[in-house]
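Which chain is which? They are A, B, C, D and E, in the order written, and residues in each are numbered from 1.
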Amino acid sequence: MGGAARKRRTLLAGLAVSAVLATVACGGGAAGDSGGGGIEKTIKIAQVQDQTGPIAYAGLGASEGAELAIEEIEKQGFLGDGVKIELQKLDTAGEIERASSEMNKAMGDRDVDAIIGPAATQQAATVAPLVGRQKVPTVFTQAGGEGVVINDYTFRVTPPMESYYEQVLEYLKDKGAKTISVLYNATFPTFSLLGEKGVPKMAKERGIDIVQSLPVQMTTQDFAGQSQQIAKKNPDALVMLLIAPQSVTALRQLKEAGYDNQIVATSVQAAGNIEAAGANANGLVYPVPFSTAMDGESSQAFTKAFRAKFDKDPDPYAADGYDAMWFIARAIKASGDSSREGIRKGLAQVAKEGFTGAMGGLTFEGNDARVDGALVQWQDGKETLAQ
Amino acid sequence: MLEVSDLHVSYGPVRAVHGVSLSASAGRVTLVLGANGAGKTTSLRAIAGFHKPDSGSVRFDGRDITGTAAHKVVRRGMVLVPEGRKIFLPLTVEENLRIGGYTAPRGSIEHSIDEVYEKFPILAERRHSPAGLLSGGEQQMLAFGRALMSKPKLMLMDEPSMGLAPTMVERVLSSVRTMADAGIGILMVEQNAEAGLRIADTVAVVSRGETVWTGTALEARDGKAIVHAMLGEAALDGA
Amino acid sequence: MADTAVRTTTALLAVEDVAVHFGGVKAVDGISLEMHQGNIYGVLGPNGSGKSTLLGAMTRLTPLTRGRFLLDGVDYTKVPARKVHRMGISRTFQTVRLLDDRSVRDNILLGQDTLPKQTRKAAAMQVDEVMERVGVREVAQLRPDELSYGMQRRVEFARAIIGRPRLLLLDEPTAGMNTAERKEIGKLMRQLCDEGITQFIVEHDVEMMVDTCDYLFAMNVGKLIAEGDPHDVVRHPAVQEAYLGKGAASGA
Amino acid sequence: MQDLLNVASLGSIYLLFALGMALVWGTIGILNFAHGATFMFSAFVGHLVTSETELPFLAVVLVAVLVGAAIAALTQLLAFQPILKRSKNQHAAEMRILIGGIGVAAIPLAIAQHQTRSSPFGFRSSYEAEVLEIFGLRLSTTSAVVIVAGLAIGIGLTVWVRRSRRGLALRAIGVDAETAAGMGVNRTLLAFGTMATAGALAGLAGALLTFQLGAIAPETGDQLLIKAFAIIVLGGLGSMAGTVIGAYVLAGAETLVLNLNYGTWVDAVSFGLIFLILLARPQGLLGRKEVRRT
Amino acid sequence: MSDWYSMNVVLIQTTLTTLLLALSIQVPIRFGVFSFAGVGAFGIGGYTAAIAMVHLGWTTWPSVALGAVISGIVVFALGLLVQRLTGLYMGMATIAFTLIISVLAVNGGELTGGAGGLYGALGEIDTGHILAILAVVVAVLVWTETKGMGRRIDTVREDPELANSVGIDVVKYRLASFALSGVIGGLAGGITTLLRSTITPAEVNFHLVIVALTAIIVGGARSWLGAFIGAVIFVWLPTMISFVQEWEKVVYGFIVAVAAIYLPNGVLGVVKDLIHRFRTRQERARLAVLQEKG
């Protein structure tokens, strides 16, 4: 029933847009080559993500990944000979207003065919209804919260954390953990969701007891008290859902409090964010949608290519950008149409089939990606697959 | 010792002083008389470095110190005992004295404090209580003591008897004389002309921003210039 | 002064045993006096004698320790300061207190802003006339900080009279003015008095007080030490003693 | 008992940060909004230096202290002093200093964010924290240093302001700057020195906290700024002893809330506490009424 | 032109909502009340509007109106509570209030959506609507800035004692400023939220206080026009100085600091001074003659 309604809406929207495109094709000379459903010689993709500000790492990483993907696409002639992809980077600077404004500019620019949308949930959730209204296909990376993938034009290539967090609990169960504590940042949307609902549910299913659940705030900087509470209860494992600087402190203070059991964390620890914790982070296990330690063929190939181009290891954000760009390229090829509507159709089609990228095999639930991800263990500055 | 000539001072649009000339010397009390608003306080403040004069000169100890900032003037050996005493009320009596000795060599401070206590025994009794608890007269003593801590050669005093009961006025002014007798130069603005005259050596009368009369205390005590300056024409009519 | 004649009517302002103590300091210590319609009153006294405090207390800005004030026989000791203005008492301040960002004209209009509607309308219409009278009409659009101190004082004066108060309290109205300006202000005060505005002046310039006032009070250390005809008051031994000390009074 | 130790540790962190701010605000009346940025940037420079060469504990602290003092001194010289010179009155100056501080703070923050891509940073040092166990209580050496440093500097500064010549001069300035100048106090110079001292304290706090927490992020300074603001108001502006007590009271209240497992209510409780204190006793726990200079 | 408009529609709308927010802080400051409760009102208004839309299924404008009314009432009540505080103490209390609002939002469960906030509250708002509301708000503010009302408010701010002596009920004016600030802040919050469709607790924070405050101070604190100038500068600055790219925040800090030092009355103050000097050149010449005579 819901599916039928949705199909009809898509169809109507499609019709409306083809009508618009038809008029554009007739009226404008410059837009001539974009009409009629072909692939343009130059495809313009806007990346509206943080290049500066507190989460600049996500946007900067994605840029690098996307650039690598473009290089490969062009070299392979994936979209036909001489087809160029132009990547326009627009900085959201960690601000919702900026995200909204830059998105609007990108949407207002008729040359922009698709958008790689903001990485912060708040920014993404703000612009999601707009892209639906303006009918611009947008692929989000990260942005793991609710309210992002809400219409036919919104896609997300990074799976939400709770979708691949199960394997953590599975891992703990395998290791024979009976009791766990949860330490989570309750003011960070993803973690509050996971800490309050996700993890308890997953644990219950596996017969693991949660003996402690300790919410903290974004402003919490000292974890001495919590660490001692945890050490006192001494659970078999600790699920630690904290933002990057908090994790570094908590790991140190947990060690100091004498807690030596297994600690599992989140993908926030990836991209070298845990490096500052030094030896305290040894043995830490966390799930990631991508890691250089992943042994899948496509992941390995990506890592290799990335190292060759940038002379450093790719982080998960680079994988995001890479897969997002390939997602769009595949969509163009699938529909054979680089117009906005063509890309949207293509994205929907590719999503239905799934594809293999840096993160391994991507499947989609609606427009929302799912990956198996990998469980990695941090040891002396390196990620290895957790056994 | 101090030579002030043709001082002009204004703050903002107000030309408060235009043509004040004064002088003071060691061991002598120079009394500045004049009605309220005549520009006495402004002159003292300009001499002590709290206001930059528009023109005129201030020479002290043979050096031109016109426009020198207040915190430097103190180091030269001239200190102002301000109108209304301006005691640091939340600080204790002894702390007030210590801050007075801010420019003095560290080693001499304890000794100076003892000297002040000797001069004003009432302060010694209250040394650890907040200065705000002192009576008006005691606060004036403290203001003197605080100024003495910097070992001044010259003290500028702005209405030391203001708001004090008559018996206290006597005590305050006699201690001024004592300080002068110890060799310190005093330039004092005082509204209580009679009491002031009793301890003064020389007198300058300032009226509406200018020096209008100078002479010895003896001459002043006799003349009607003083009464005129203070209370105006009408006060003389019946005399 | 026709003393007996004045006493037969109710005083415009009666001060009954008023005291203002700040902590241990008795700034005003038991003052009683009366002022009657249509006169200019002045109060003399050396610095710190409590004159300005008394004036502050009359407007209720300074809280009383004891005593009471009666305006036309009505006790307003408990009335909040902001309502005193509406009762017909207005004042100027010892230091100029004007709005720096507002024009002279605006500053003057402030004096009638909270009056009853009728009075306000009438007052607003007279603003040009008032500016003319105090001599600031030509600079109506300037801001106070562009004016000389004397001019600023005139603006204060104008603000105080625009609402046509019954009692005008003036705290050093001529400080910072030159002789000619003082004369002008004195003349204006007399005119206003003839128009029925009773005035109470705190002023240091004794000469001006004697010239301008109908009746003088003298204060020292918070107490009233003399009152009466201005010429008598300045010659009063207690007054001369307060100003000059004991010897001078007898010697003069 | 262990909780008390935690309170002492958390309180000392707050205290180290708040002391410098309390010193300048309570004496020379400057509410320095760049204090958080000074704190962060000192640690950041320490991070930069140690990523070149590994340094011992004290050397890192020294670097941070010097950087902190330099930043604060520059802020005073280039921003606050010109503002004070150009302001008609204390009230106007206060507002402009607040804004000036916000502007100044944005600069080091942007630089650090740019360089680190906003990821947390720490020190590479030959120093390794160890855990001491005494009577079943656990305490890391860094925590011990932080507690000792916090208490020692807190008490030391309280005594210094109360007893020393310069401390006395600072208090005198707080009461009546002009009369103090008449006693020979060079206000400008003293203000400059005080700001530099406060900056050095910020630097010290930056280094110690980075050791204690393992790493801080560029934004850490801003979060502490609000807490410090609260602590100073809580303890009473102008009272160093009040600041010391305020820091531990706030830490105690927060720890209590945490132990009752209302982690997400921590801020509400601490700010609620401050709200109540302001209503009941606006001058703070130990503040004097006259000190207010707004 | 219309192309330019559609490219920049978000910036234009943001300018207008930022202006509303800045006004909610500016109003109390203009009354001499150092209150930042307007930012708390922003949160209350935003949440109320979103709750009305999401949970109650209300339409856009009743939701916004409800938000404005409720925040007006709450902030007025806060005013009753804190009105005797002065200066920065008032600032601290109202910041505490704002941060408590944010904590309440985190712990509001289903009603407020917890840490994730509320989403999906997309209202039917276009630039014309915001302009219309703003026009009403500005009309009210112009009334409070000019003629007798403006004079009286200036007096309440500059000299409460003088205000009392000319018969102005200072307390009443101050309380009114709380209510006005609450309503304007509530409007800003409601409109911003329904424009974006989301609101989260993280938004109602200290950062928002700083945005509003810097806009007012740089633009001019004495008139709505100053807030407008400030809003334009800070919303458009990033696009105008985008050539500095990654150093944008550094430039921002620099501009704020320079404004604090050199523009005590903001950009508007400079303009007004120039206009005043031009308009009164004749009077000033007359004055010179007048004073020459005197």
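The criterion applied here is as follows: a contact is a pair of C-beta atoms (placed from the backbone, for glycine too) under 8 Å apart; a residue touches a chain by one contact, two chains touch by 3 or more.
Computed from a prediction, not measured in an experiment: that's the story for all the values here.
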Intersection of the contact lists for subunit B and subunit C: none
Chain whose Cα centroid lies at the greatest distance from that of subunit D: C
Chain of greatest Cα-centre distance to subunit E: B
Rounded Å distance between subunit C and subunit E, as computed from the means of their C-alpha atoms: 42
Inter-centroid spacing, subunit B versus subunit A (mean Cα positions, whole Å): 78
Separation of subunit B from subunit D, taking each centre as the mean of its C-alpha atoms, in whole Å: 43
Shared-contact residues (touching 2 or more other chains) in subunit A: 52-53, 186-187, 217-218
Touching two or more other chains - residues of subunit D: 110, 113-114, 264, 267
Every chain pair in contact, whichever chains are involved: A-D, A-E, B-C, B-D, C-E, D-E
Contact footprint of subunit B on subunit C as seen in their complex: 24-25, 46-49, 145, 147-149, 151-152, 172, 175-176, 178-179, 204-207, 210, 221, 230-231, 234-235, 239-240, 243-249, 251-252
For the subunit A and subunit E complex, residues of the former touching the latter: 51-53, 91, 93, 96-98, 100-101, 103-105, 108-109, 121-122, 125-126, 128-129, 145-147, 150, 186-189, 191-193, 196, 217-218
Of subunit D, residues touching subunit A in the complex: 2-3, 6, 9-10, 13, 110, 113-114, 117-122, 129, 131, 138, 140, 143, 212-220, 223-224, 227, 255, 258-259, 261, 263-264, 266-267
Residues on subunit D engaged by subunit E in the complex (per definition of touch): 31, 79, 82-83, 86-88, 91-92, 94-100, 102-107, 109-111, 113-114, 222, 226, 229-230, 233, 264-265, 267-268, 271-272, 274-275, 278-279, 282, 292, 294
Contact set on subunit C toward subunit E in their complex: 59, 61, 80-86, 90-91, 93, 97, 99-102, 106, 109-111, 113-115, 138-143, 146-148, 150-151, 159, 178, 180-181
